[in-house]
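Per-chain residue numbering starts at 1, and chain names A, B, C and D are given in the order in which the chains are listed.
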Amino acid sequence: MKWFISHNTIRSSFQLTLEKECGEKVSHCYQCGKCSAGCPIAFQMDYLPNQIIRMTQLGMEQQVLSSRTIWLCASCLTCTVRCPREIDIAEIMDYLRRQAYKKGIIPVEETEIPLFNKIFLRNIELFGRLYEMGLIGMFNMLSGEFFKDVFLAPKMFLKQKISIFPPRVKNIKETRAIFKRSGKLGKAHRDKLLNPRLLFLNLSRKIIGKIAKRDNS
Amino acid sequence: MKYAYFPGCSLHSTAKEYDLSTKEVARALGIELIEIPDWICCGATPAHITMHLLSLALPVKNLLKAKEMDSFEVVTCCAACFSRLKIANHFMQNDNKHRKNVEEIVGEPYKGEVKVRHFLDVLINVFGLKNLTERVTNKLSGLKVACYYGCLLTRPPEITQLDDLEEPHLMDDLMKVLDAEPVKWPYKTECCGASFSLTKTDIVLKLSGDILQMAHDEGAQAIVVACPLCQSNLDLRQAAIKKKYKKDFNIPILYFTQLVGLSLGIEPKKLGLDKHIVNPLPLLKERKVLVDK
Amino acid sequence: MSEWEPKIVGFLCNWCSYAGADLAGTSRLEYPPNIRIIRLPCSGRVNPLFILKCLSNGADGVLISGCHIGDCHYSEGNFYARRRFAVLKKLLEYLGIDPRRFQMSWVSASEGDKWARLVTELVEEIKQAGPNKDFVRKND
Amino acid sequence: MKIGVFVCHCGTNIAGTVDVERVSQAASKFPKVKHSASYKYMCSNPGQNLVKDAIKKHKLDRIVIASCSPSLHEKTFRKCVEAAGINPYLIEMANIREHCSWVHKDREKATQKAIELTRLAVSKVSRNKPLEKTYTTIEKKVLIIGGGISGIQAAIDIAFANYPAVIVEREPSIGGRMARFDKTFPTLDCAACILTPKMVTVSQSEHVTMHTYSEIEEVSGFVGNFTVKIRKKARSVDINKCTGCGACYNKCPVKVPSEFDMGLGKRKAIYTPFPQAVPNVPVIDRENCLYFKTKKCGICKKICTVGAIDYDMKDEVIEEKFGAIIVATGFNQFDHSVYGEYGYGKHKDMITGLHFERMVNSSGPTGGKIIRPSDGKEVRDVVFIQCVGSRDEQKGLPYCSRLCCMYTAKHALLLREHNKDSQAYVFYIDIRAAGKNYEEFVKKVQDEYGAIYLRGRVSRIFEKGGKLIVRGADTLSGAQIEIKADLVVLATGLVAQKDAPSLAQMLHIPYDKNNLFTEAHPKLAPVETITSGIFLTGACQSPKDIPDTVATASAASVKALGLMVQDKLAREPLIASVNQDLCSGCLACLKACPFSAIEEDEIEDRKLRRKRTVAKVREAVCTGCGNCTAVCRMAAIDLEGFTNTQIMEEVETL
């Protein structure tokens, strides 16, 4: 492919740290590819799940954490339940995503999912339950997909499937405290949505793309 | 039969008809569902992707609220909530390190003592198919349905402990009791794209399109689901699938509770059958399974 | 002495557990060096007196390990052992000896990994039980 | 008493973690130790000479060797000291390799432990007594359990040396799995062509007795003197009268799926499993026979001109004595119905390799046509999946079944040979073709027979539109692959026979967690078991192909013949003995003995001046387990080599 890796990469502690922190034995993988064979999202991924595991075995932290694959994993667990080596691949993907958040490595082409996750959690932290209008509005605004699904909105209102007002939970302070303490104990950055620079880059990418599309047509 | 009921966010918004029909069916069958007061979101997929502890603490908080109601069994309908609650319980039962952390976060001791059940499980394994057969007044004869279970109802099997991993059959069994005809099809547990509805709509269109295609090919007139995410992906996105892949399936996506409700003679409106994007009423009329009032 | 290290005696049957311990060696599985193995033909050879003697001589723990039930090289020696030591264990408990000090296990010749794990856990457990002062001969 | 201690470096195996010199020095200060030394390889010739010389020079009378496990070299050193004039039972070994240097890393602690282990051995040896070997006779007959290719080969080898062999086979005919195969890799000679002559040789040999349709019921005794009970199941056909004309099964009205053809073809209720069966005598399957079910029919009896049919035949249990036993029970196929993702084994057009063998065989149920079992149509696209059950810790076996790579390559080749328009797709993880001409064979299948090899496991198989949709991946190109297949052939792994554990328990041989029988040493004693006189061959020990099976069969035969040619057999004197003066005659030992090796005896008590009952050990029967010693209240019965005083001495030195 397009990499050159040295013994320094191979000897890095990436795999060992992963095995220790998420408890999954990556070194046990013998690359049978059953995970990739059954992955429903593989057609969109830049690396197949088995390649991600292989790259982890070789200590290629940078490449793994900046891959699109880890964000595209839908956590459907097809790989996990069929792995002959009993490796929980979905859990490894979760771990890699958490690491990518921590290190702020997120590919600019794949900002939607990390952004969505952050907005979703923020939403829960504020309201206790999901406020769909708020989620969609905020996501559309920050991701540059301003008019996404607006045609669906009236239908949803009519069928009372989406409410304009946020849900109400009485003891919202309790929920917020859970968020705060989880962030502290898990040593995760809770507050930052995403790096503003990344958001900006993504926005401009989208808008430029749209303008270019319009010009072409 | 008395249970604490955890509806989850979807059932209060996009999947309102699931909530309605579940409550109707429960009422008709004498299953008492008491909504957990002041429940909060279980964290869904974003939580376990972002902060592992949070993804355990949120469900545990809800289970503790159920415990306060003196209820040791929680029923939920959403497959995602079911999965999160079950996983949280699993960690609290088996992982001391995580349990300590989560107990610190929620401020209370908890060892996974509240049992979590899916409503499907309650209906089939507690109420019993035999009892249900006796209550069916309006048979859904001739209605060909594809039972779609999705990813999270059966996976991972050691945690959910609900149904067969690769070929689940609970809903099929249920449909047979209602005299509907479950088709044999291979996509029972294929992924619909789940949480990518908003973020990666293309993926959802492809995966849901494939599922609809397969159901169509195997002769299903409707798809029966037990998960609000599956329902919204398959139902909501059919228009876009039509636009992108030039395929007009027009297959109604129904909750199993709605069909059970119909067979018990409950009015369609009470079951929220008017709330679908792909209107199921013409099909149900054609198949003569609607209750005449 | 830096830290107290327990002394454990293991009575192992020649056919299964001793071979299993050998396999742990050939597989280079590491475990703590606190165990002293005495080889016997069968777990049924172990006379309860040996165990009492070990404990009174200051051993902190005694382990008896034989073939899995049903797999005894001598058909039924381990059945006898199991029955015999279930009684002895009760007796020792009655005498006020920490039950952790006397344990039984079944390790086959192919279970080197089980042996290593077993010893590691056993040493850990005996460490928690502390030095054997329950049954030591008073010298003066 | 002058004890000599010899500490072995074992190269760096021991010396790497244990300070051997310090052990030797510490040992020299132990009580009664007159001499201690260390050497690089104590078991080598110079090492043994060192021991012998020291014995002479220092007049040593007891020896401790601190080295490896006694299971490896106890015999070596017994011989060594015997040559130097010391009774061979006056040595003890301290296992400072397997139980010390190999399992510990801390040099200080390991050295300390090695010293203590040596001290234990020294204290034990100080209580050893000189013992003399006993001798028994040998029954000059070999039992072979299993009549597949490995049992057949073993029988031929033993008969060739003019010793009698007895084959016990569960099925109605010998031949085993190999009889089902079509061709054999890598030479492609037909299995029947090379197996049938061997089957005939066995049946015609004056030295070989066959008990087919029979099972082992009970085994007792020990090397040289095994007593075995064999259940000869009621065949319902008199083997001495039957001429093998076949009229009975031609006329039998009942058809059931044939086990031999893996259910692809039919057989009758009275049947021989296949045309070349040996013995060529049918058997009545009583579960399906109309006569046995309804008492009607009886056609076979009417038609048999020699009156061989006997509906009243009963199971017969015979007892025979043997000097050695060869276990050749073979393997079973892995049951792939555990794979939900492959449809729980319910897809009709998904078959195993053994099914394929029958199908491709010109005398098989389809006449050599490769068809879809569901609709009988000829196949075009065939997917082969390797490692089904093998190398799968989640649902299958941890090990590699070793021959699936090769037989799948053979199948891919045969497929193309039988059907020019077909295409083979082989999903594999690794190709393990380590054997003479194996790699070349696989390459040939890829190059000349156009088999497409795809590197990846298959994740899902389902039916759609009459085809099987196979979803796999090719990890080399990073592609997901979907193939619409007419037929899927699973290379299911090899597993132990279901009743392997119960046979092992009968024979007192160990088996591993996969129920495969365990050899005495994986490298140096691969066909022996720890129970002397019992040998292993073929796939009951681990998956083996035909060449390996035949090789181990001959190896096991040589080991058995090695016993046969002896006049008498030396037995270890490590058996129980009764001190009749101490014996109170309670006879608790008699009940505790698993082998009935203790009997009542009467002695004249001189003090009491009357006769008194005591226990007595039948030396030829005692196996030396020592169970009796633990029940003796008087400590009158003791086990030589592991006496109470020896063990107490060890315990005292702790």
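Everything that follows uses one rule, which is that a residue touches a chain if its C-beta (ideal position, glycine included) is under 8 Å from a C-beta of that chain, and two chains touch if they have at least 3 such contacts.
Quick caveat, the model's predicted, so the values are computed rather than measured.
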{"item": "Chains touching both subunit C and subunit D, listed by label", "value": "none"}
{"item": "B-D or A-B, whichever has more C-beta pairs in contact", "value": "A-B"}
{"item": "Between subunit B and subunit D, centroid-to-centroid distance (C-alpha), Å", "value": "52"}
{"item": "Centre-of-Cα separation between subunit B and subunit A, whole angstrom", "value": "24"}
{"item": "Contacts with 2+ other chains: residues of subunit B", "value": "165"}
{"item": "Interface hub residues of subunit D, defined as touching at least two other chains", "value": "341, 460"}
{"item": "Residues of subunit A engaged with two or more neighbouring chains", "value": "43, 78"}
{"item": "Which pairs of chains touch, using the document's own definition", "value": "A-B, A-D, B-D, C-D"}
{"item": "Residues of subunit D that touch subunit B when the two form their complex", "value": "340-341, 343-344, 460, 462-465, 469"}
{"item": "Residues on subunit C engaged by subunit D in the complex (per definition of touch)", "value": "7, 9, 14-16, 18-19, 21-22, 24-26, 28-33, 36-42, 44-48, 50, 53-54, 57-59, 67, 70-77, 80, 84, 108-111, 116"}
{"item": "Residue ranges of subunit B touching subunit D (in the complex, touch as defined)", "value": "164-167, 186, 214, 217"}
{"item": "Subunit A - residues contacting subunit D, complex", "value": "30-39, 42-43, 47-48, 50-51, 78, 82-86"}
{"item": "Sites on subunit B touched by subunit A in the complex", "value": "9-10, 12-16, 38-41, 43-54, 57-58, 61, 101, 104-106, 151-152, 155-157, 165, 189-191, 193-196, 198-203, 206-207, 236, 274-275, 277"}
